[in-house]
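Here come two complexes built around subunit A, the first alongside subunit B, the second alongside subunit C.
Moving on to the complex of A and B:
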């Protein structure tokens, strides 16, 4: 009956960002806290109230949701909608390139992401360039670009090295990067001043160390991305002040990687997952979270990784990733606990509007 | 920058997860006693205690006792940690920037993979400091770095001397695989030298352009500042030259630079297998030599021939020599064995010990920190089961910066139960 009421409401206002009030059994606030029988009041695409009781505006009916509500998932490294255009192969370094200009708001992959509850993605140039360009944060429905310039995307992994164009070696890559940073163009000036964080792709542990030493030498802020075994260097990463964006687990024997996540969490390093969609399906976020829980990761830590910390790492932690007054009304209606893989995602809202998830 | 001790344990552990479990703080303060202490300062002390605190040697007490506490170590003999200026811990093409032939601004420190097991292997064989150099597929490969073989998970923290040498090669290695620009002119092998003459020309051009850049900035190129430092003798040149003709080329180049008053380079010839053939040339030009591992059948790299008495011949003439193992993993060719083989060719024990400790340290200017057992120096110590370099002796204990890398104590019952 309650589900029916919800369906009726959705049918009556399919894409209106009008005023809406919903009460759920449990609100997962996104930063690890929960609120039982909490109420969300949504108006003009924002949360106006997140509380256990609220004075509803006249004419607004409180919808009862039997189940849970969480913020939308945030994928902290993604290529969704960039198509095959995530690397400009003509130049190893293209700091001024903006992923925001590769964003296709009509891309089908965005619908797939939204349907799985991913509401915000960090679009990043691929790791095939030493300096790929700048990341952007977008919503998966509505075509909104949340932030045009979030990071300078660097890659100190072997995938940025080629034999036909210099640099061909890690040391050549570092030399080239140091020279770029010394040339004080506006982008690098922003990076050095801390206005534009970096997101450095690194895979092997020596690549992670190289990235940390480069970031430390140049006093950079930002994240290491890729890094499946980052946790084995957790204390060093913690000291550097960098955060970590991990690839999701898609099955197979990933216990060493999962223990690495536990070590990161234990050391207090903020981390999140990046789907690198379309190469990984959007359900991998939930699956990864569940696998980490199974290995003993703190529940609050994994919720932060999916929501609030992911948003902060993307540079939009004050706008999405939490059920919080003033934040964008991006939220998910679940039949039960979002991290229970048998729970069904019943509705997706982005900026207060219900996303049509019926289309294939 | 200092990281907690547990990362040392982690680096040495094959299972990183168990490394985290072993967070028990390990003491870095030791009392190390040996029946014979070879200091590398020309002195052998019968029965001495070496005290280690905070990674440094704080006292040497002849006749002292180490006692029998948890922090006391005993062995038949003790030397300073060995130093290999041509350890060649294999980075492969990761240490070759192939975009140019002349890369004086490339720092091999940025290509190091500290998780390569060769580091641990070197450390446990008693080699505590190595000079990491680019692989010699470029004419000037880049800047070598002196690093400890064990320690924190940080190249910077393990560095003994950054930019220790400017490294390059003369001979066939920088020209192999290259070809003239036909067929596929776009590939990187089509513009590089294909002959020894071409390689030498690249060296000469790099040096003359750098010298000219003192007055004409237009002649400067990426890294020419480092070449200038090398010309001025402030940055040691380290050039691979296996054979007589390549040794000659390097020496003639050095002498030409001096004659033309372009500078006064400080030159180390690495892998100079045929240095025994015209040793007077090296004496005349005041060149230092790093010898490659002794070949079992005479012939070694680039077709060169190395005689058994090479080290002795050079030592007798006063040429500074260091021995190297070229990253040899097998016990029979590791650095201690190289010293033994040099002795078999006639090198006295003291000179052999110096050639793997204090002499290489002096060559690259790190003898203030490492290379001998002296108060104030880094606590890099090797413990031996018998007289060092004897075929029947082996390395039983290693300390690097006071951290126990190889434990000489008999395994405890719990640890040995496998």
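Moving on to the complex of A and C:
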């Protein structure tokens, strides 16, 4: 009955206009806090109020949702919609390239992501280039680019090494990168001044250490991405001030990797998961969370990793990833706890408009 | 090959006994018993075997579980009952169960049967998992290693999985036979293998290199599969015909024996006369030959066809991993002719396209509800986590498996089942899939899958309903022994 009322309302309300007020049993605010019987007031695609009681504007009916509401999930690393064109085969260094220019709002992966409750993704060039270009943050429905330039994507992993063109060795890669940073173009100036963070792809332990060393030497801000066992270097990473973006778990992953996440959390390193679609499906975010919870990870830490910390790592922590006044109204209606895998996702809203999730 | 088909072995043994009886019979009747001192006598041959008693299993602990709520099986719940476990079996389920002296008492909010993963590679080394020999008689039982990873076994048990159907050669066209194993930290494999050759597994369209095959190759793969079942059928027919021939032959031998016995005195006299004559003349004496001496020829033993025969006869199920609609349709059309074949589909990404046919032919589907991406390199590119729920809704028997790709996959099956529930599968149907449904599909429904008197004691003690995110498993009992306690969490 309630669900029906909601559907009717959503159908009646023109997208992005009109005011919407929803009360749920539990609001998961995205930063680890919850609000029982909280009310969301949404107007023009933004949260106008998130409170335990609200003075509703005239003519706005309060919709009761039996279940929970959470922010939309944020995938902090993704090649979604770049359609396999995330690498420039001929040029290993393309600092000026923008992933936003490869964004295809009609891509199937975006629809699948939205359907699973992922509302924001960080588009990144692939890890096959030493300097792949700049990341962008986009919404999975509506075609909105939230931020055109989020990071400079670097790769110090073996996948950036080539046979015929430099760099062909790890030391060659570092040398080439140092030379690039010495050249005072506007992009590197922004990076060195801390205006543009880096996202460094590294997988093996020595690659992580090399990345940290490079970032520290050049006083860079940003994240290490990939690194399934980053937690085993948690203290070093914490000291560097970098955060970590991990591949999600899909079932059958080694327990050592799951424990590595716990170590990151324990050391206070901010972390998030990047889906790297299309190789992983969007529900891997929730599965990863459930696997970490089973291993004993603090619940608040995993909520931050899925919502607020993920948004901050993407550089949009002040606009998405939380149910918070003034933030984009990206939210999910659940039958129960969003981290219980058996809970059902009943509706997805992006910028205050309901997303059609009926078909893949 | 692990072992020959029992049918073939029996017929071979029977043939041997017949031949022995025949020579003995004819010799006695022709008065040459002394020449056959080494004849095996059935009664003596049997005795030593009977004398060797099976070693008594170590006395298991007697356990009484006091359950706030006992899920006997899907849809049947009892409140405030106890379960008595003796010698690995559930011996009593009821309101009043008196604990025998020395019994261990366990209290729990919810008690249910242990989970079964019908699609796993647990306990099989990676070489055998990737085996590409394409032989039906290749047996997972031969590749099993119960010491492969004790920590992993504990992790899998902790997740509530007590039994797996594990499989070698999962990416080969013909994987070989699968084995059902109970997980137990102490018992050796001989005690934990519940069924050596529980099924035959094949794949269609699945490739080790991750590249799909072209449409013609896909169709010829289906034809090849059907051709193999036809071979198995023919092999089974040959065996049956041979049995008939043997019976006829036995009858003829008996008739001849009777005939000889009747004219025994004369025959003996004639024979002695002939013997004396040939001695006198210095000629070689030739024993009279009977045309019944020649037994019917047994069909050539072929271990591969023997397995295929068991599949064609429906003795063991055929589990086929297949995803695309075109191959699903072709497979269903090609197997319709085999009336006794018990087909089970695994993966079956596009199964909704053929759901009515699956319902009509009672073909179960093992769904792997994992968050796969839209990567076209996988056969599962169109996979939707809603599949299990949609199939169930359509009336198809749904099972859930961990997909047989990673050895630790089974550990995460309960989470994947929850994910399937979150995408529309009824909670009770998911529970059924992991317990009695899987047990029945593996022909172990009389031993596993529910908490009833006489069944094997594989149980979970939980602090809430099974397959709910907030629930923890407190105790796991496998084969009547407590193998996981709250301290193991």
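FYI, the second predicted complex is superposed on the first by the 355 of 360 C-alpha atoms of A that agree within 3 Å, B and C clash if a C-alpha of one lies under 4 Å from a C-alpha of the other, contacts with A are read in each partner's own complex, and residues count from 1 in each chain.
The criterion applied here is as follows: a contact is a pair of C-beta atoms (placed from the backbone, for glycine too) under 8 Å apart; a residue touches a chain by one contact, two chains touch by 3 or more.
Since this is a predicted model, take the numbers as computed values, not measurements.
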Clash or fit, subunit B versus subunit C on superposed subunit A: fit
A:232 touches, of subunit B and subunit C: first, second, both or neither? first
Touched partner set for A:39, first subunit B, second subunit C, both or neither: neither
Apex subunit A: angle to the C-alpha centres of subunit B and subunit C, given in degrees as a multiple of 10: 80
Partner chain in contact with A:256 - subunit B first, subunit C second, else both or neither: first
Partner chain(s) touched by A:278 [first = subunit B, second = subunit C, both, neither]: second
Partner chain(s) touched by A:170 [first = subunit B, second = subunit C, both, neither]: first
Which of subunit B and subunit C A:210 touches, first, second, both or neither: first
Superposed arrangement (fit on chain A Cα atoms) - minimum subunit B/subunit C Cα distance in Å: 13
Subunit A-facing residues of subunit B, complex: 1, 3-4, 6-7, 10, 16-17, 19-20, 93-100, 103, 105-116, 134, 142, 153-156, 186-188, 222
Touch list for subunit A against partner subunit C, complex: 108-109, 112, 248, 250-255, 275, 277-284, 286-287, 290-291, 294, 337, 339-345, 360
Residues of subunit C defined as touching subunit A within the complex: 151, 155, 370-375, 383-385, 402-403, 405-409, 411-412, 415-416, 418-419, 421-424, 427, 467-470
Subunit A to subunit B touching residues, read off their complex: 163-175, 179, 204-206, 209-210, 213, 229, 232-233, 235-236, 239, 256, 259, 263
